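Next come two complexes, and both contain chain A; in the first it sits with chain B, in the second with chain C.
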Partner chain A sequence: MEAAELWEIALRSLWVAGLATLLAALPAVPLGLWLALKGGGGFFGRALLYAGLALPSVVVGLFFYLLLSRSGPLGSLGLLYTPYAMVLAEAVLAFPLIAAFVLSGARGRVEEVRLLVRSLGGREGQVLPTLFWESRRTLAAALAAGFGGAISEVGAATLVGGDIRHHTRVLTTAIVVETRKGELESALALGFILLGVALLVTALLIILERE
Partner chain B sequence: MGSMRAIFLLAACLSGQALGLRLATTTSVYDSGLLDRVLPAFERATGVRVEVLAVGTGQALRLAERKDVDAVLVHAPELEGEALRRGVLAEPFCLAQNRFLLVGPKGDPARVRGVGGILEALRRIARAQAPFVSRGDRSGTHLKELALWRAAGLTPRGGWYLESGAGMGQTLVLAAEKGAYTLSDLATHLTVGRKRGLVALYAGEDPLLLNPYTYYLVPGGPKAKEAAALRRFLATEEAARLVAGLKVEGQALFQPLRGRCIIPGSGGR
Partner chain C sequence: MSPVLKAQGLVHRYGDFRLEVPRLEVYPGEILAVLGPSGSGKTTLLRLLSGLLLPEEGRVEGGFRAYLPQAPPLLRRSVLENAAFGLRLRGVPRGEAWARASAMLERVGLGAKARQPAHLLSGGEAVRLALARTLLVEPGVLLLDEPTASLDPANAAQVEALLREAAGEGKGVVLATHDLFQARRLAHRVVFLFLGQVVEEAPASLFFQRPQDPRSQAFLEGRLL
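What follows is the complex of A and B.
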């Protein structure tokens, strides 16, 4: 495989997974914090969220395929077999990861933060933003988990992206193609690039967390 | 320079809406490199971009049924005939053919080397209960294999009969690892199977083993005009030359059919 194509595939993986992580984080972070404030979301809330961690990516892929297919309810959008379809499916997969990390990171701090807000004469409504600020360290781990889940996923990416060369091929689906062709060396090289990208992004998040 | 290129590529990715013609084809066609040879000439001549989805024939026909692709290039004559009758596919063009081969380990535990026919070879494998890997994915190769077992009067079952559920290349890799027999198309065997140490054990001139690939339009898709243009291009002498010129170590992988279909019931003209 040529270097230019390798670059193209790695970059696509990066922006698809990155966008999916952001899209998922927008609702997942507030949800995680809110559940933490409500004493962990209760048994059912937590069971549902943690079960979401086991969400099989092919099932999510199948769901989005049926939704976005030309004969499906959202077929007219023309999103199937585009990178945006992959972003949507991967966001759904990253959502429970991010929410669960935020929840488990923030839960232990709730009482401490509530006392702090009250002692400074704040209202209950100010607890959530303060909790967000105090949990910002957990946020890096949560985003890294969501991003890692999104970029390393292959089932949904194949079903809704279609692994079209120069259009929806990402690192994981490229590894599948190279393996299928018996080009195991190329497949392995792509695997190392995938690990490198994940490492780089995680390192960046940790640096941001320190700032 | 490098970063400029990266930014350019990123912009190209972001303008992601599909503009091209979508063609579903089989993993055997895709992995052989046939389309990489033929499609660039078409894209240059017409400016139409072709987006290729490499799936099994069964899945390709399902995608056609749901209008998720504009054209297919497949190799399962019976399924194609049925899809034609139901109006899922239209205007077949027989593009190329090659042959299926029975491949297996050098040691040949079931002694099929030099046997008189493919059906006898399969009977020997079943009798010896030698490991055999089936694709098991409703691909053209899988359907052909099932038809051959039926013709041999056998129902393969038992610990020796493995189903990979994977593409041709991966199935060959699996067969090599397990020391098993499998049915393969010529192209994938030459590019993958041989590298993994499998040998062709039966490759006779048996009409049962002919493997024709046919291009069809999917009526009602948004890119019907482009799909028809590709059909016209595949019928040109240039396309036939490109097909015939695809070789691995001097051996041609496909013979162009130029629209002549040799198998009755494949629905061609």
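What follows is the complex of A and C.
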């Protein structure tokens, strides 16, 4: 495999996983904070969310395949076998990870933040934004977890992306293909790039967390 | 003179515990000490007076009351941002809030630490910061739960000086404390609680010299824990 193609695959992996993380974070962060404010969402709320952590990526991929295939309800959008279909599937996988991290991090601070806001004459509605800012370290960890889940995912990416060269091939699907072809050197190189990207992003988020 | 805080017929229950305060008034410039053994209901009373806790019966009237818990929470922000937080909650623009917070931090002796993270402050400094933050929102009544419980004498003296200043400015101050010396130094009036009941309410000088109720007497002599 050429170096240029390696870079192309790595960059595609980055933007697909990054966009999926962002897309998942938009509802997952408020949901995690809201559940924390509501005392954790109760047993069933938490059970449902934590069950999402074990969501099999192939099942998610299959769901999106059926949804986006030509005969599916969203087939007319023409998203199947595009990077955007991979973004959608990976966002669904990252969503419970991010929400669960935010919930577990914010739960411990809800009461003191609420007490502080209310004792200074603030409104209940001001508790959530304060909690959001106070949980920013947790948010960094949650985003790292979501991104890690998205970039390392292979089942859904294969099903809805199709692993098309120069179009939807990402690091994980490329590793599978190269290994099957017996190109172990390329597979290993891709594996190291994947590890490097994951470490780099995690390091960046830890730096942000310190800030 | 009309009171800055008036409570009537307060009743609050949790489990077997029942707090009853038939009548309580706090006047401008007055420091009222709430005394009583552990579990007598001091914190509950303060929370009811602040409005953070709603009574099952009775009502509390008065302007804005700010409550300072025993371990005041600090935000994961700078000392200055913590001080300005209450003002920001009230929609004061950042520049103005920071300017007023800076001046207040100078007043409480934390001006030099304004830019450092709040979590690096000592216990005494953290209480002064929390007090500064509370004073900045200009409450009519300050409700303080054991504000100097874990402080060394120097820090406790600084906090006491700030409370005297606040009372001097016309605020009502309600102070729950275990420190009888502090209550004697600061308070104009004392309310003594025992098992959720107001056992005695008297001017501080009278309470400390001639407590009327045998339980108050036992408490002052260290026989009632």
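Operating definition for what follows: the second predicted complex is superposed on the first by the 211 of 211 C-alpha atoms of A that agree within 3 Å, B and C clash if a C-alpha of one lies under 4 Å from a C-alpha of the other, contacts with A are read in each partner's own complex, and residues count from 1 in each chain.
The rule we apply is simple: a residue touches a chain if its C-beta (ideal position, glycine included) is under 8 Å from a C-beta of that chain, and two chains touch if they have at least 3 such contacts.
All values derive from a computational prediction rather than experimental measurement.
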Superposition on chain A - do chain B and chain C clash or fit: fit
Touching partner for A:117 - first (chain B), second (chain C), both, neither: second
Which of chain B and chain C A:152 touches, first, second, both or neither: neither
Inter-chain angle, chain B to chain C through the CA centre of chain A, in degrees rounded to a multiple of 10: 170
Chain B versus chain C as contact partner of A:81, first or second or both or neither: first
Which of chain B and chain C A:134 touches, first, second, both or neither: second
A:4 touches, of chain B and chain C: first, second, both or neither? first
Chain B versus chain C as contact partner of A:186, first or second or both or neither: neither
Partner contacting more residues of chain A (chain B vs chain C): B
Chain B versus chain C as contact partner of A:202, first or second or both or neither: neither
Overlay on chain A, chain C to chain B nearest C-alpha distance, Å: 37
Those residues of chain A which chain B touches in one complex and chain C touches in the other: none
Parts of chain A lying in touch with chain B, wherever the complex brings them together: 4, 7-8, 11-12, 15, 69-72, 78, 80-84, 162-165, 167, 177, 179-182
In the complex, chain C residues that touch chain A: 50, 52, 64, 66-69, 72-73, 75-76, 85-86, 89-90, 133-134, 137, 139
Residue ranges of chain B in contact with chain A within the complex: 5-6, 9-10, 13-14, 16-18, 20, 22, 27, 31, 51-54, 66-68, 166-170, 172-173, 191-192, 195-196, 221
Residue numbers on chain A that touch chain C, as the complex places them: 112-113, 115-122, 126, 130, 133-134, 136-137
